[in-house]
Structure formats: C-alpha cells, structure tokens
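The two complexes that follow have chain A in common; it is paired with chain B in the first and with chain C in the second.
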Partner chain A sequence: MRKRTLQRGLTGIWWATLFFLYLPLAVIVLFSFNSANSTAVFSSFSLVWYQRLLGNEQIINAFGNSLILAVSSSIVALVVGCLIGYGMYRHRHRKLGWLIILIYLPIVLPDIVFGISEMAFFVEFYRLTGFLQPGLGTMIIAHVTFQIPFVALIVYSRFVGLDPTLFEAAKDLYATPFKRALHFLLPTIKPALISAFFLSFTLSIDDFVISFFTSGPESTTLPIYIWSAIKKGITPEINAIATLMIGAVAVAAILSLLFNRQGRR
Partner chain B sequence: MNNPTAVPAAAARESAGSHDEVREKAPRKASSIELKGMRKRFGKDTVALDGVDLTIEAGEFFTLLGPSGCGKTTLLRILAGLEEPDDGSLLIGGTDITDIPPHRRSVNTVFQSYALFPHLSVRDNLAFGLRMRGESVAERERKVAEVAEFIHLGPLVERRVDQLSGGQRQRIALARALICEPDVLLLDEPLSALDAGLRGQLQVELQRIQKRLSMTFVFVTHDQDEAMVMSDRIAVLDGGIIQQVGTPSEVYEHPTNAFVARFMGHDNLFAIHGSQDDWVDTELGRLRLDMSEQRPDQDGWLLIRPETLELDVEIPADSNRLEGVVKERLYRGSRVEYRLDVNGQTLMAVASNLGQRLHGVGDRVTIGVCPEDLVRVAN
Partner chain C sequence: MAESSRLAARNRGVVSETRHLLFSVAPGAAWIFAFLVLPSLYLMSVAFMSNGPYGLPQMPLSLDAFKQLAGFGFLGWSPGNLYTLVRSLWQTIVSTLLVVVIAYPVAYYITTCRERWRPLLLLLVVVPSWTNQVIRAFGWMNLLAPGTPLSDLADALGLIGPHMGLYPSNFAVTLGLVYNFLPFMVLPLYAAFEKLDKALVQAAQDLYASPTRAFWHAVFPQTLPGLLAGTVLVAIPAFGMYVIPELLGGGKGMMLGNLVANQFAASSNWPLGAAGAILMLIATFVGLFAMRRVGRRLGGGEEVVI
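Moving on, here comes the complex of A and B:
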C-alpha cells in the first residue's frame, strides 16, 4: 500500500512539473493566434499578429540581428571549441585539470556577472583604443566565449568515446597529419560538430542577459526588443514573436540531439 | 550469426582453386627485418625492451610470444612506427627506417581491436590506405575487388562496419592491411577476441594466406598453442629480453631456460642437484641422459615431457625406471593425463587413449623415462 502511495505521489509531481513547465508556453502560443487584442480572453483564431510582425521594421531588424549574431558566433565558437576539444583529448593524460576548470567556468558563472564584466571590459577597451565599439561585434565575441565550452565538451566527449587505436590505424594506413584531419578526424566528429553548432545557435538566439550588457544602440536582438516592448505590457505581438522563437529553438535543439545521437551510435 | 560467418570454412575449402592464380598475379618481394640493440623505457621504472637484437627472414611467419608486459607489443609498435625506441635501429629490407614516421613505412598492422573506421563503409575502410597513398579510384576499386575475392569477403563489402560480427571485423581488418601490399604485415593478437572455434579456423586461414602471399608476417600472441600452430619461428620474450628464438619444435622440445619451458606449458621441471658424466641427480632420483642431445652449459633444471613417459611397459636396461603412485587421473578423450607421485614429487604423464586399460587413482606404476627424451634447461 505504501509503495502505491509513493508511486501516486511521484506521478503527481511529474504532472505538476509538466503543468508548470509547459502551460505558460501553451498559453503564449495559444494567445499568439488570438484575433482580439487581449491576453486574457481568446476570441477566435487569427494570424493577424504574425502579419503585424512582418510589418514592424524594428522587429524585422531585431530578428536579423539575432540571426547574424547566432550564426556568426556559432561558427566561430565551432572552430575554436573544436580545436580546444581536440587539444583536451590529445593531452588528457597530462595533468590539465586546471585548464578543464577554466573551460568549464563560463558554464557555471552567473550570466549577469559575465555580462557586466564583459560590458565593463568592452567599454574601457573602446575608450582606450577606439576599437570594438559596443554593438554586434562585441556581442559576437561575448557569445563565442560562452559557447566555446559547450562545443569543446561535445567534441571532447566524442573523441573520448572513440577507440584510441583508430588514430594509430589512420597513421598506419599512410595518412599524413593533414590527411588524418581531413579524412579521419573531421568525418568522425562531424555529427558532434553539427550537434554543437545547433546547441550554440540555441544558446545564442535566446540569450538576453549577456546580449543586453554587450549590445550597442544599433544592435537590438529579439530578446532585447521583447524586454523593452513588455515594459508597455504584454501584447499579442510579443506572443507571436515568442511562439516563433519557441519553434526555432525547438527545431535547433532537436537537430542537435539527433546528430549527437547519430554520432554516439 | 547468419550466413556470412560461414565464409571462413568455405574459404578454406575453396582457396585451393584460386591458389596458383593469385600467386602469379602478385609476384612480390618479401622483406627481412633487422632489429639492433632495441631499447624502450616507459617513465623511469618500466623497461619494455632491454636491448633486443633480432633478425626476421623475408617471407617468414614470425611470432613474438610472451606474457603480458613482456615487451612483445612494444616491439610490434616500434616496427609499425607507432612507438619510438629510446635506442637501437630498425632495418626493413636492409633500409634503416628507425626515424621514418608510420605513414611513410610500407608496414601495415592488424590491430587487436580491429580499429575499423566507424564513419566509413567496409568498402571505404578497405580502400582507406590506397586512398591516402593517392591511388586512383579505378585502381582502388580493382584492388578492393581483388582482396574481396582473395579473402572471400563476398557481400560483406557492401555492409556498414556496425553490422559486422567479431569474426567478420577481423577479416576486414586483415583485408584492409593486406590490400596495401606492405613489405611487412604486423598482427597484434588479432584472434584473441574470438571464440575458440572461429579462432582455430582463422589460424589455419591466416597461415595459408601468409604462405600464398609469401609476405613477412610478424604476429604477437600470449597463446603458445597459437604460436606453435602458425609460426615458422617463434621468439619468446620476457622482461623486455628475448629468451629464445627458434622453430616451434625447437622452442617446445628444447627450451633454453626454465621460463621458456614453463611458458611453453611444461610442468615437469625438476631441479638438478648434481651431475656426473651422463647422470644427473634430481628430486625424482638419479637419471641417465643422452649427452649428445644436450646443449652445452644448460644446467639447473631437468625437463621431462609428459608425453614421452611410458607407464607399465617393458623397460629396456639402458633406460631409466621410476616407481610412482597415481594421484589423479584426468580423462580428456583422445588422451589421459596422470598426476603421479614419485619420491614425494609430482610428475605429470600423458598417454594416448588407444583403448588400453587405464590406471586408477592409487595404482602403483612403473615409469619408463628414455634418456633421449630428457632435456637439461638453464635457470
């Protein structure tokens, strides 16, 4: 009997978790299709807010900025993180614990601390040198720094899962160092790289805190736009943006997961 | 396991037909290997190789045999170029290649884990070495077809690596190395992961392939039976030192020291207390030897091969005679093993099961020990 009660209790927690996790999202998605300008009463289905979005130049701009930021930072993070991941693998037998901690740190560091320190740095750097005016450039740098550890760890764990003699087999079969990279290393970790790219993309596209502190007047991204817009209250337009972002992030996250799984198999 | 696992047996049967044709197609020069003063240390304390001098003849099936940690794998890795020796030189076909990196050596390896590339199909795995050497697509395809025919891979070529069984992976790994037609083929315990039946089949097949290609094979194993079945010559290693080099019968019948004797599976080793002319004193008693059979300066132990002992037969006057009691009998079908107590010492005897009356536990037996069959072994 007691076991049964416990099981029921756990099932209850499960449903409560799902409820609090997804109901707010469901509400936002639902009301984005509301024909009335209300966030409380659903009148009828309509795409009017989505049409309104397309006509809003600020939103289109913010969307463009978000996309540029996410894609370019992900590409840079992929290249650098991949090299770091391979380096971590190659030298895993040495005592490099401190280096690994340095790589992990940005993952656990509060975004607000990270954002403020980046802002202080960029502002001062610009004042002294005249380079790196806060804007998309500084945002890309900031995003790359927090994406790198994720990429490095995904690549590293893919290498660790490989039979180490594969590296020797490639040498044994006449592959020069360059050909080993091209015909063995890169193809072998390709699924991990694709997965890391989509993960970086989702991290970047929904980042608000770090973007907020490192952005300039011209580089408003979608999250920043939403934040400034809701000061005037939540509009169905915001719901529509949020719904689009949920969709985009979900797709990227699923792709990331799929490619990672393919790599493990 | 499905159909393709039956391929080895079929291969063994069919290979007689394609035999001569393949040999003519690939007239190849085999290469000799010379190792001089090879030394390798790992860290401060671990000595993997402690001055190894060794010559392996061209076209030989040569086995490095020893327990784990004896240095046999390190030696193989030095041949492949995957490990750099601290000291010493390596010549293949008379050319010093000590400092040549692995990708520029005409040496290929069949790895213990097979090391097939998971991102490539079987076909692309086979062609990998050729592709890295810059051979044309047409050339690659011709050679893949040829090796698939030669090793009887059949439909395996079209599969993905993760669809293969252990035995199939092993054959692909072998084919991937052979296709490059190296001067020397290295095999690092390639059969150790397979079950006994399949291992037996592949032992025969490997040996046959080696003879057909007359390529120099260097084989590493810790299994003395496998070494004896397959090799032209065996080097027994221990502690980074070569203990003995010889044909399987030399190493088995005339081990040079007690380590080699024990490693080759001999239990009947008895300390020699003293000797005079052709007599030796051991814990078993005084025994006469045929001195013409002995190597000089071999003292310390007397080796008695269990299969040479004769139980309860007429013993000629010039032979040795011992008395013993059967302590244990192990019936193994084709043969019967007896554990005998002789003067408080345990002596193993093996008799072929020819339908004779078997001795029971507790029986007193007379044991004939022929002087020609006794071997003195150094410490």
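Moving on, here comes the complex of A and C:
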C-alpha cells in the first residue's frame, strides 16, 4: 500500500518536472505564432514573425557567422584534439599530470573568466602588435580552446577501450607509421571522431558567454544577436528565431535517440 | 661493445618516444597554453595594476582593485560589492539545494521504469538544456513578466507588490539557475541509482528498519558519489553564472559574474574586474578541491568525476 503511494508520488513529481522543464520553451513556441507583438496575450495565429525573419539581413548574417564559427573551430579542434588524445594514450604510462591539468583547465574555468581573459588578452595583443583584431578569427581561436579538451577526452577513451594487441598486430605487419594511421588508427576511431565533431559543433553553436566577449562589431552570432535584441527590448522576431532553434534541438534529440537504438541492436 | 650498442639503441628508443610525445601533444598543449594560460595570467596581473583612463590598466602596481572589490571607494566604504558576493553565495547554495531536492526523486523515478524506456526519459530531461541558455532565460522572462498569468497569481496571493511582476527579481534568478542546472544533477544521480545494491535495502527491511532509517543508512550513502559529482557540476558553474542574473535579475539581482563583466563594459575598470575574476577562480578551485577531499574520504573514488 505504502509502496504504491510512493510510486504515485514519484510519478507526480516526474510529470511536474517535465512540465517545469518544457514550459518556457512551449511559451516561446506558442507566442512565435502570435499575430500581436505581446507575450502576455495570444490574439490569433499568424506567421508574420517568420516572414519578417526571412527579410532580416542581420539575422541571416548572424546565422551565417554562427555556422562558419562552428564548422571551422570544430575542424581545427578535431585535428589538434585527436593528436592529443592519441599522445595521451600512447604515453599513458608516463607521468602526464601537467597535461591532464592543462586539458581540464578549459573545462573547469568559469565561462566568464575564460571569456574575459581572452578578451583582455586579444585587445592588448592587438594594441601592441596589430594582429588578432577581435572578430571571427579571435572567436574561432577561443572556441577551439574550449573544444580541444572534449575531443581529446573522447578520442582517448576510445583508444583505452581498444584491445592493445591490435596495435602490436599492425606493427607486426610491417606497416609504416603513416599507413598504420591511415588504415588502422583512423578507421578504428572514426565513431569517436564523428561524435567529437558533433559535440564540438554543438558546444560552439550553443556558446554565448565566450563568443560575446571575444567578438568584434562585425562578427555577431545568433545567440549574440538574440541577446542584444532582448537587452534593447526589441523582441518581436526573437520568439520566431528561438522557435527555429528549439526545432533544431528537437530534431537533434530524435536523431540521437534513433542512433542509440541502432547502436544497441 | 654489445653493451654500449644496446644502450645506444635504448637511448634512441627513448628519444624517438619523446619526440613522438612532443609531436602528438605539443600542438594542442601549446594552443591551450597560448590562448588560455597566458591570457588568464595576463588577467591576473591586471588585477595588480592601477586603473587608468578609459578603464585600461596601467602602472604603477597597486592593490587598489582588491580594496575596491571589498567596497572601499572614493566616498569611503560601501557594502554594494559585499552584497553581490553574499548574494552569489546564497543563490548558489539555495539553487543547488533545490536542484538536489528535485533531481533526487526524478532520478530515482527513472530507475523504477522499464529499462528500454530509460534512455528516452533521460533524454527528455536533458533536451531542454540543449537549447541556448539565452533563449531559455528569455522563456522565463516571458513567463514571469508583469501582466502574465503567473505574475497575476503571485499578485493576487499578495506575494509581490501590485503590477511588479515576478521578474526582474532574485526569485527569478533562483528559478533560472534551478532550471538551467537540473539535468546536471539528474544524470550523475541516475547513474548512482542504477548501480544501487538492492540487497542492502532488502537487508535493512529484513532487520525491521523504518523506511526513513533504511533510506538514510542503505540508500543515501550509495548515491553519495553521484550527489557529489552533481554538486560539482551545479554549484561551481552556478557561482560564476552571468547570463541568468543579467537577464532575470536586474540591478538588484547581480551576481559576481555580472560585477566582473561590467568592469569590462559599462563601468570600465579592468583591474577591479580582474580582481573579481581572481576571487571567482579561487572559489572555483577551493570548491573543486573540497569536493575531491570529501569524495575521497567517503570512498567515492573514481565515481566523483573530477
């Protein structure tokens, strides 16, 4: 009897939590279809904000910047992080404490300290040398910095999960290091590389604080655009663009679920 | 002769291994060093300079920034910064506790469901946090603004002044923090619950322990590693949070992150901002270290993430 009450209580908490988690998102989606520019009263259904969105050059630009930033930083981070991951694995018997600290540093540093350090550094560096003017370039550098650890850790854990004798086998077949990398290492860690790329891409697209502090006037990304629109109080199209971003997340969630299902079969 | 050639070969091996280590690790290590370690060292040095025109740091070295952080200004001492510090701590503690209270039953509920549903349920908890945090805070702004049903309800209950709205306020910040960090607690707690040794609970029940006693002695200690990991993932980023207090808190809901950021934007006092950043770093590392110590003492070992 008591057990059933407990279970019923738990179920109640579960649904209440889900309601709490999805309520703010639902409100955004709902009011993106509101014909009036209000977040308190829903007048009637309309797609007027989505039409406005397509005509807003700033938003299109910001979207383009977000994509350029995410793709290019993920590619750089993938190469550099993959190398570190491999190095960590090959030399795991050595004392690499300094490397571990270096890799965890971008993860544990508070976003705001991270962003402000980079900003102060880039501003001062530009003033002294004339290089690295704040803009897309500095944003890419900053993003790569926080993506490297994730790539390295994913690649490293993939290597740890492999059978060590595989490496010996590849050596015994007299493959040159280059051939070994091409025909053995890269194919075996391909799943890790793919998931590392997508994680980096997501981290970059999702990032606001670090982008905000390292950006220049010309390199507004989508989150920065939304932020400044909210700050200025000009928000008519924000619901619509936020809805599109929520939609993208929903698609990603469904895809990840499908992939998981497939992976377990 | 043979001896020396073997030695030479071994040396060559060591050299080539070291070179391998350098080639694989150096690019990334150098990248993080150049673009994170150097900048943070620069920022720390800024805290010890004096504030020049336009807020840029200049010589001579001084400790003014730390005095200003403690509240000493041109007009004598004022408690403003101290309030911000205490508020940051308070918000962190309250929101972490609330997150634990909500996440505990939720994580347990997921483990009571059928195994094939669990990934889906976990995904349902995590997915909202995949949307951008600015958008999530904006959602709460829409919900809590004056004139919305929630605000009207609070108004009718006499919880807030008329036409005030629930946002901007400290309450909105707490709510935003809980909303933001809930998944980070559910995941490690779920992992702990899934590994739970049910035999211990059974034993407690067989020994006629009351449900409360059984919980505290048989269940709770087993979930402690997950709880600690979750606390690290929630409390440390919450303390340095910038976006949520900035959007939901207004002037009276400011936290340390906003104090720091403002010094690099509107009020322009880089040394003061850098001093605040140092304080935040110290808090972060003290927090991490403390959690690690506690985790070791409790025998959580590897389960505590960092």
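Throughout what follows, the second predicted complex is superposed on the first by the 225 of 265 C-alpha atoms of A that agree within 3 Å, B and C clash if a C-alpha of one lies under 4 Å from a C-alpha of the other, contacts with A are read in each partner's own complex, and residues count from 1 in each chain.
We adopt the following convention: a residue touches a chain if its C-beta (ideal position, glycine included) is under 8 Å from a C-beta of that chain, and two chains touch if they have at least 3 such contacts.
Given the structure is predicted, the values throughout are model-derived calculations rather than measurements.
Asks: Spot which of chain B and chain C makes contact with more residues of chain A, would you?
Replies: C
Asks: So in the superposed three-chain picture, is A:L99 touching just chain B, just chain C, both, or none of them (first/second/both/neither)?
Replies: second
Asks: Touch check for A:A120: first (chain B), second (chain C), both, or neither?
Replies: A:A120 sits against chain C, while chain B stays out of touch.
Asks: If you stack the two complexes on chain A, which partner ends up touching A:H183: first (chain B), second (chain C), both, or neither?
Replies: A:H183 sits against chain B, while chain C stays out of touch.
Asks: Pick one for A:A169: touches chain B only (first), chain C only (second), both, or neither.
Replies: First partner only.
Asks: Could you give the residue numbers on chain A that contact chain B in one complex and chain C in the other?
Replies: none
Asks: What part of chain A is in contact with chain C in the complex they form?
Replies: The touching residues are 2, 7, 9-11, 13-14, 17-18, 20-25, 27-28, 31, 39-40, 80-81, 83-84, 86-88, 90-91, 94, 99, 102-106, 108-114, 116-122, 124, 141-142, 144-145, 148-149, 152, 202, 206, 208-209, 213, 222-223, 226-227, 230, 235, 238-239, 242, 245-246, 249-250, 252-253, 256-257, 260.
Asks: Which part of chain C faces chain A closely enough to touch in the complex?
Replies: Listed in rising order, the residues are 17, 20-21, 23-25, 27-29, 31-33, 35-40, 42-43, 46, 102, 105-106, 108-110, 112, 119-120, 123-125, 127-128, 130-136, 138-143, 145, 147-148, 179, 182, 211, 236-237, 239-240, 242-243, 247, 257, 260-261, 264, 270, 273-274, 277, 280-281, 284-285, 288, 306.
Asks: Quick one: which bits of chain B touch chain A in the complex? Just the residue numbers, please.
Replies: Touching chain A from chain B are residues 80-82, 101-104, 107-109, 111-113, 115-120, 128-129, 131-133, 162, 176-177, 180.
Asks: Show me the residue ranges of chain A that touch chain B in the complex, using the header's touch definition.
Replies: Going through chain A, the ones touching chain B are 162-163, 165-166, 168-176, 179, 183-184, 187-188, 190, 265.
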